[in-house]
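Chains here go by letter, A, B and C, matching the order in which they are written, and residues are numbered from 1 within each.
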Amino acid sequence: MATGTNTMTKDTILKVEHLSMKFGGLMAINDFSFEARRGEITALIGPNGAGKTTVFNCITGFYKPTMGMLTLKRSNNKEFLLERLRDFEINKVAGVSRTFQNIRLFSGLTVLENLLVAQHNVLMKASGFTILGLLGLPAYKNAAKAAIEKAEYWLEKADLTDRADDPAGDLSYGAQRRLEIARAMCTEPELLCLDEPAAGLNPKESLTLNALLRGIRDEGTSLLLIEHDMSVVMEISDHVVVLEYGQKISDGTPDHVKNDPKVIAAYLGVEDDEVEEIEEKLEEGTI
Amino acid sequence: MEYFIQQLANGLTLGSIYGLVAIGYTMVYGIIGMINFAHGDIFMLGGFAALIVFLILTTFFAGIPVALALLLMLVIAMLMTGLWNWTIERIAYRPLRGSFRLAPLITAIGMSIVLSNFIQVTQGPRNKPIPPLVTDVYHIGNITISLKQILIVVITSILLFAFWYIVNKTPLGRAQRATEQDRKMAALLGVDVDRTISITFIMGAALAAVAGTMYLMYYGVASFNDGFIPGVKAFTAAVLGGIGSLPGAVLGGLLIGLIESLWSAYFSIAYKDVATFAILAIVLIFKPTGILGRPEVEKV
Amino acid sequence: MANGYQNVQEDVMAKAVKEGAIAGIIAFLMFLVFVGIETYQDINNQLVWRTRWGLLAVFVIVAAVGRFLTVGFIKPHLDKRKLAKAKTGILEVSEEKSFFHKHFLKIALVFLLCYPFLAMMIFGRQGSLKYVDNFGIQILIYVMLAWGLNIVVGLAGLLDLGYVAFYAVGAYSYALLSAHFGFSFWLLLPMAGILAALWGIILGFPVLRLRGDYLAIVTLAFGEIIRLVLINWTDVTRGTFGISGIAKATFFGIWSFDTGTANNFAKVWGLPASSVYYKMFLFYIILALCMLTAYVTIRLRRMPIGRAWEALREDEIACRSLGINTVATKLTAFATGAMFGGFAGSFFAARQGFVSPESFVFLESAVILAIVVLGGMGSLTGIAIAAVVMVGGTELLREMEFLKHVFGPDFTPELYRMLLFGLAMIIVMLFKPRGFVGTREPTAFLRTRKAVSGSFTKEGHG
């Protein structure tokens, strides 16, 4: 199980081609293409306002892209064009799950209930779309038991077992982030999209989070994450895509991206003509 | 054609009244995001205030010029309902601001019940007829336009302009718009939010009082349950025009007035309200933010 | 120290006097026209007026004294109590529940089962009519309606201001189908529910993608449309005259409650003729219907669909991201709520023997919604309590004959019924914005079942 990425086949899980998104007259994303590979953690980084969350919202069906093709390939080799699916089908059919930048939990439901809601589609089928379940048939009872077991598994993973019966709104910020990830995982996604999972976490919580994310990857779920915290990105991602002003400026391994002058320029806020200067300095080794 | 123009004139008159009431709904909704269900009853209260002032005036000053009487009715009704709405906001809505969102809606519905029943108890359940105030009528070809219709449209237009000016050009209007955008931030920047909201309620009530007075003048009768149907229609107008938008409220009001009069003229009087509500439903289904409303961007 | 305290005390008093005076002035101005002057029609049908200064003075004094007492005594007292509580650090919630508290539901159910017989024992056969019908059945109808609406508003968080439409669909379905086809109550009861649910789906489908208050206003519009159609489609509904002579429910076809029939209940059992048996029978039917509503609600809450409803109330966007078809989920909530409204409607028609559009005005929707919110959204117990307090309370007002001795023979307490109902709505909301029962029972637990405080639950956006 924990043999890591090497045993995984490195085929593409998500292919974004020529994605463009226009809000009114504003071109938020402009002809953006990249690929996320199965079994990897792909990070989407870029300065504030680069359009990262917009890309996310296009992939997860909250926005309909102006142009472009988003292809998701499931492990059974079925392909889905995400931009053609209805919002909820992206999770239900294509197996893409997500978390939100400003955490969206069901705060009045308990932690356990949050995880049970995430298993809605499985349970719905088991309950014969409610009708058989109302009659109290054993099939549903077994499914309900299995659902709780799965919830327990993820509670354990997210270190939330002790808080299972507390309202989600009562958790600390870090715990809420972990719960949101656990909830997304309860839908059994093939691709998990995380929007700034480390935002607002203290260093210790950040480390726990890294371990959790690695664990998720090693169990076979591919990850796509937006992150600001470079230490998290460099630490855990296998592949980094850099976005600036809605366009891709770099794509590669963390090391490659780290040394890409364009990326440094983007993060330091340098004008285009100064990029070469930085390139030179890099070669000299002064940065 | 003449029949059509005649109906158009009737529709515009009615629409002006709805528009005035709709402004009160739209402003309160814009600033605190609450459907002020009692607003229709504030409108009814305004009509009753005008009615009682009219009775007193005709008793003590039998020969009073109509224009002066009307002016006094308007002013006193505006002050009176303004005070009522201010008090209502203070005791029934303000304590619930920022709490559970349905709570103020329920107190508003409660307040609506209280106001109409209060008038029923204190003034009796029967319709209150008054002699016609303004009787002049003009004929243009076969079209009959009464002076009261002209008055209603003119007064509405003047008030609208005054309102537009207040909201767009004065510090008070700026404070209102700021509160509407972001209440906390406005408070941090020194806007007296409570006062701004109070003034919004007073302004909305004053307009409703004008509408109530004109409704009384137009139909010559007041009743304790006059608040509900015109209230719902005015709210419909506000939603139709795009809730939160002042021009939208007026446009919505005029549309509702026109739909009502044209539908009664050409189809059936019985189903005129059905037509109004059906059009509301259709508009909302296809353009949920109303005609002039800002599109709501779903934040994820 | 003591001096300082005294100063504070004096300040409070000075403030109370000032606030009381201001309240008096405001009340004077507010009520001057509406209370101080009474308009009425004289013999010539002319509108005239007279003054009522005495009554105005009462209003002003009540306002002034009330404000004075609030500022001067009640508020400092409450503040002090709050402070004392904060100091001791003990939360209000006591862990130990009394026997009554623990078994409240069982006790209530047993009481309800015995209620008609108790009423008959205490007030005699004819005397109990009022208690079984006006209090028992009337309250239970509202309990059922509010529990039905609770699925839509309390669980799914969809604000429905036109719930009475489904009540009307149920009532008219029964009235018309029984008149035209002679179907029995027991056939029409489920049919009415299904028809209402169907209407829920038809009306719900186009509007459920609307958000928040837009949904509220469209449901209100649909409620009014249905009422207006009932008024104006006179060929079928007989308009405002309504439909009368609706067939009574029978005891599953075995015994009838119509006088003069061979299988009349009283005759068969050799009891003296009285309408009380029918009322008692109806009482048990509506009680059973209420229990059915409660049972289904409780079961559904523990099913995926019920959890999805509550999740929808908490966060619709998150629901979509978890693969939940939000439109279908909303629609099921709408249809389920409508179905119970339809059941209640057909029961109402059977009980009254008469339906007219008068019974299905917006005010009814508002009252039902108020009961749901006052009870505490989502809480069946809270809603039942709210229905008893609000409906029972206003019914009680009809009985207050003794008030006539206090206020004179012209005094009709009934007139004040809705006025007090409205005031009660406002007052309860001001003191308990989350309703009588503000906590939420979780639908599943790992170790311990803990109630969720109302401060975490959301009210939905629609």
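As a working rule, contacts are C-beta pairs under 8 Å (C-beta built on N, C-alpha and C of every residue); 3 or more make two chains touch, one makes a residue touch a chain.
Computed from a prediction, not measured in an experiment: that's the story for all the values here.
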{"item": "Label of the chain whose CA centroid is most distant from the centroid of chain C", "value": "A"}
{"item": "Central chain (by mean CA position)", "value": "C"}
{"item": "Whole-Å gap separating chain A and chain B, where each centre is the average of the chain's CA atoms", "value": "50"}
{"item": "Centroid spacing, where centroids are CA-atom means, of chain B and chain C in whole angstrom", "value": "29"}
{"item": "Chain centre separation (chain A, chain C; CA means) in Å", "value": "46"}
{"item": "Junction residues of chain B, two or more chains touched", "value": "298, 300"}
{"item": "Residues of chain C engaged with two or more neighbouring chains", "value": "317"}
{"item": "Junction residues of chain A, two or more chains touched", "value": "62, 100"}
{"item": "Touching residues (chain side chain C, partner chain B) in the complex", "value": "26, 29-30, 33-35, 37-41, 45, 47-49, 153, 159, 206-207, 209-211, 213-214, 216-218, 220-222, 224-225, 228-229, 231-232, 317, 362-363, 366, 369-370, 373-374, 377, 415-416, 418-419, 421-426, 429-430, 433-434, 459"}
{"item": "Complex contact set, residues of chain C against chain A", "value": "296, 299-300, 303-305, 307-308, 310-311, 313-315, 317-326, 332, 440, 442-450, 452-453, 455-458"}
{"item": "Chain C partner contacts - residues on chain A that touch it in the complex", "value": "60-62, 87-92, 97-98, 100, 104-110, 112-113, 116-121, 123-124, 127, 129-130, 133-134, 140, 148, 152, 155, 161, 164-170, 183-184, 187"}
{"item": "Of chain B, residues touching chain C in the complex", "value": "29, 35, 45, 48-49, 51-53, 55-56, 59, 76, 80, 83-84, 87, 92, 95-96, 99-107, 109-114, 117-124, 126, 128-130, 228, 232, 235-236, 239, 243, 268, 270-271, 273-274, 277-278, 280-281, 284-285, 288, 296, 298, 300"}
